[in-house]
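Heads up, the thing below is written out as structure tokens.
Letters A, B, C, D, E and F mark the chains as written, and numbering starts fresh at 1 in each.
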Amino acid sequence: RYGLAEEEHQVGVVTGLAWTSVGGDLLHIEGLKLPGKGRMKTTGKLGDVMKESIDAASSYVRSISPQIGVKPTVFDKIDIHVHVPDGATPKDGPSAGLAMVTSIVSVLTGIPVRKDIAMTGEVSLRGNAMPIGGLKEKLLAALRGGIKTVLIPQDNEKDLADIPDNVKDGLEIIAVKHVSEVLKLALIEEPEAIEWDEAAEEAAAAALKKEEGAGATAH
Amino acid sequence: RYGLAEEEHQVGVVTGLAWTSVGGDLLHIEGLKLPGKGRMKTTGKLGDVMKESIDAASSYVRSISPQIGVKPTVFDKIDIHVHVPDGATPKDGPSAGLAMVTSIVSVLTGIPVRKDIAMTGEVSLRGNAMPIGGLKEKLLAALRGGIKTVLIPQDNEKDLADIPDNVKDGLEIIAVKHVSEVLKLALIEEPEAIEWDEAAEEAAAAALKKEEGAGATAH
Amino acid sequence: RYGLAEEEHQVGVVTGLAWTSVGGDLLHIEGLKLPGKGRMKTTGKLGDVMKESIDAASSYVRSISPQIGVKPTVFDKIDIHVHVPDGATPKDGPSAGLAMVTSIVSVLTGIPVRKDIAMTGEVSLRGNAMPIGGLKEKLLAALRGGIKTVLIPQDNEKDLADIPDNVKDGLEIIAVKHVSEVLKLALIEEPEAIEWDEAAEEAAAAALKKEEGAGATAH
Amino acid sequence: RYGLAEEEHQVGVVTGLAWTSVGGDLLHIEGLKLPGKGRMKTTGKLGDVMKESIDAASSYVRSISPQIGVKPTVFDKIDIHVHVPDGATPKDGPSAGLAMVTSIVSVLTGIPVRKDIAMTGEVSLRGNAMPIGGLKEKLLAALRGGIKTVLIPQDNEKDLADIPDNVKDGLEIIAVKHVSEVLKLALIEEPEAIEWDEAAEEAAAAALKKEEGAGATAH
Amino acid sequence: RYGLAEEEHQVGVVTGLAWTSVGGDLLHIEGLKLPGKGRMKTTGKLGDVMKESIDAASSYVRSISPQIGVKPTVFDKIDIHVHVPDGATPKDGPSAGLAMVTSIVSVLTGIPVRKDIAMTGEVSLRGNAMPIGGLKEKLLAALRGGIKTVLIPQDNEKDLADIPDNVKDGLEIIAVKHVSEVLKLALIEEPEAIEWDEAAEEAAAAALKKEEGAGATAH
Amino acid sequence: RYGLAEEEHQVGVVTGLAWTSVGGDLLHIEGLKLPGKGRMKTTGKLGDVMKESIDAASSYVRSISPQIGVKPTVFDKIDIHVHVPDGATPKDGPSAGLAMVTSIVSVLTGIPVRKDIAMTGEVSLRGNAMPIGGLKEKLLAALRGGIKTVLIPQDNEKDLADIPDNVKDGLEIIAVKHVSEVLKLALIEEPEAIEWDEAAEEAAAAALKKEEGAGATAH
């Protein structure tokens, strides 16, 4: 089933686009949330640059967590596992950054990702979509795999001139500048923000302490 | 005794199938549960890809633990050790993923694994069975080793056309799409699910705290 | 958008200047503050020397934290993530030290960095600006990228003799001896110092203990 | 004294058999129990495969600890150090597995190991004795070193046909299928099992908590 | 400013002397004390031998801490960062040991180091000054850099015969046997010893416990 | 001062004997005890085999600690640093094992080591003295360095036949079988044993808990 669009909207499952010496391919990114201690686990023979892009994606998501309705304190109680099958094929590069952000947000909010959308784009620590290489090969792989919509960085829009018309006709290609646009397009519903300021944070911390204290001295 | 089917149904012991430059072979996977702190230990000269497949198997099992009757909190109190003898032979690849999941589920539930079944298939973080290579060599090894039933990924079903008839006659070959089918076929009885939602989780945590508190201040 | 000045004043975002075998380039340094435990995370395919320069920058900032209005105790409750896109390009060298200090101070104080300023210079553990190489290529890249003001180490002022006039005319070039000058020029407002002596420190520690104690025994 | 049988029955000291490019040799395995935190330390220039065989031996022993009269909770309070002199000679391979199990069991139970016995055999995580190479060279080394009895895996019994008669006459060679047979033959007395079920475990944990609690609030 | 004597007496800043294939040079060692947990951080592209010399210097200083007026318990509450600019030049060797000790003592006591003194010499774990290589090149660099006084190990005194007279005339060269002499010469005032025996230690520990206890149960 | 006997009896300072491609040499081993958490730190460009020999020495000493008058609980409160100058010369091999044991025992007991004694010999985990290479070169270095007495393993006694008479006349050479003999000969007085059984251990643990509890709730 590699190289084909997903069959259902699923939580944490995002389709990225890879570009290798033998052409483009779909990248089936899987995120999972586990009870834990704030660790990030990655598997799938990922190179250092792809692992760093997951780190950056994770820090970005953490920095906007109230905007997606997730209390920052949640991060200390879970681990997130990102896996990219197939496990025997080496993968690297930063261009799955937007997809990593989308997977992590989906996992944290429980909101599924649209099944027939794919995306490519590096992500900065501020959530900006940054340009990638191999656009043509990636779009061909998306078309071949039954993808309907592809999100690309706005800085790559100029490269569309070189893409064959049949590819551009077969796909809805949307240029994005920022993760916020990606989330609106890729998640089946929009996350709702919560209030979270330093006061809220301290109240949460105090409540936690009280609870622990109560447990610890319940006579 | 390498290369032969197990003599008894055993907890944590699963027969995988390896494919190397010198042909196929049985892979005797051994799982063990120990009192611990949620660590995963692996031995048997395993390569990084096989170790990652064990990590993915472990996260998958953890994510479905209530469905197999295991409280998620159990994972913090045990270590799991997966060993693949013989210890001097290097082993690698993701294709033992389904077998790893089966070993870990057997270890956690205490339900033995059928002795005359073998399996091959990568596992995704969502429990999907994913295609593998070397099907012919693996089936030959299974036949040679006295295996009766072999589970293969559905995506490999098309490769059965190239398998000699005597092999297909000598083995029951079952194509599976998902770990859930594997567990039904490979365990001698089916795990029973428990209720586990966030409320249950919080109640468990509270009880734990109370218990610790009571211990800590028992006047 | 690589190689161009930032479009807005932003917190934690500083423009450094890189010098590689193919010429000069802008380095878009991104800092982020996260709830945490005093860890420093770095991404962007950074070499060991650049990572060490971030370590030195971080220790320097920590040593002057009361002068920038930041309680030293803050450092135990946050992690700082410094990322330098693009993630696939290796970066190394100590010459982004002043920029790293500026990013970390901006992140800690919440004061944005001027968007049309760039800087180059190693930083010592005492905050001194130390000389760098490739001044000409760096200034050319700054000019090309729409930068208005460039901060350089005073020890490099002598190298300005070799810089073409059009570059010197197109940029305001300011030589600095110490981080304190950099912060005055690069932040949109100056951080205000707080009182912090050992007595303050002990009072803070005592208050913390009291608070924790109160939480832990709140009957 | 290398290459000679031990002079006394000693706790934790087991004679293994090595097979190298220059022939067979005795391997003097030394185990030691120290107050600690459940760590395993290994020294003696051991290769990764031998270290993994010690890991597997340790997990196996831990899994059977009530059968050898050792409370599982003991493991959290001790470290075990396994050393194989001489420290300058590299050693590797899984074939000392049975000897490692025997050393660890002797150390934990305090029961000495017979001085004139040697053993060779890989151990599985279930305690099975698994076949090894170099049987002839190992038996020659045993004879040369004054060993009286040698334990070998049953799967190697077929190789005895190739062993010279004088060697077979000079040694009592016993084929074993499982660690349980090894322990009966190698320890000077048999370990006595204790009762240990989950109830016992929980009672122990509760007692521990009470004790700690009592200490922590002793008014 | 590399290669020149410091302009002021500064805390933690010590001038060492390096000897490389291209001659001698000044080594500007910077030490900094930060709130922490007893960690030692080193930066400046230091080789393993120089890092070990910092470890040895640190242990030595810790072992004499009451003699320099520093309570041993201080070490658990601080981190020490030693940086040697410039960050892009690899540095190695044990000969900066005396300088490392001096920097750490200055940092811990807050007593500045004389600005026009430089020193070279390995340090043993007992504080002995041990011989170094490249004395001639190092002295030339010191002279060139405006240094007035150079401390060298007594075991190198015999090498002074080969040093040109103009160098010996331009520098005050003092041979030392032990760190205690170095500290007397290099710090602008002498550290004052405190009383510290096991009784003091236990009293401190008890006081700490009481304080923590008081905090933890302050009703 | 390398290559010469020590000038005084010192705590933790032991003279070992090295054998390299350029002949024998004295090895000045320095041990130091620091407040800590049971860690072992080693410096001096030591190879893995020498580091392992220090690990083995340390475990051995820990296993006999009551016999040398040291409570086993002491080990959790101290770190031990073993340094072997000069720091730029690589050192390796197991033959300093007896010297490492002697240094650690001296450090723990505070009993100085005789200054004019040197020793060579690997140590097993049971304290046995095991044979070493390069005896002739080592004895020559000892003689040259002003050493009076050299301890060698009994298994090397046979090699004395090849040693020139002037060397044997100039040194008192004592063959030893076990660490216990080494300690009697090398320390200026013998350590006195303390009583230490499991009951003592539990009493100590209980006292510790009480003390901590008292501190933690001192109203």
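Simple rule for what comes next: a residue touches a chain if its C-beta (ideal position, glycine included) is under 8 Å from a C-beta of that chain, and two chains touch if they have at least 3 such contacts.
It should be emphasised that the depicted structure is a prediction, and the values quoted were computed from it without experimental measurement.
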item	value
Minimum number of chain-to-chain contact steps, chain B to chain C	2
Path length in steps (a step moves to a chain that is touched) from chain C to chain F	2
Most remote chain, CA-based centroid, reference being chain E	B
Between chain F and chain A, distance of the C-alpha-averaged centres to the nearest whole Å	57
Separation of chain A from chain D, taking each centre as the mean of its C-alpha atoms, in whole Å	49
Separation of chain E from chain F, taking each centre as the mean of its C-alpha atoms, in whole Å	28
In chain D, residues with contacts to at least two other chains	212, 214, 216-217, 219
Successive chains around the closed ring, taking chain E as origin and chain F next	E, F, D, B, A, C
Complex contacts: residues of chain F adjacent to chain E	1-2, 10, 13, 28, 30-32, 34-35, 41, 43-45, 81, 83, 85-88, 211-212, 214-219
Chain C-touching residues of chain A, taken from the complex the two chains share	48-49, 52-53, 55-56, 59-60, 62-63, 72-73, 75-76, 93-94, 97, 122, 124-126, 128, 130-131, 155, 201, 206, 209-210, 212-214, 216-217, 219
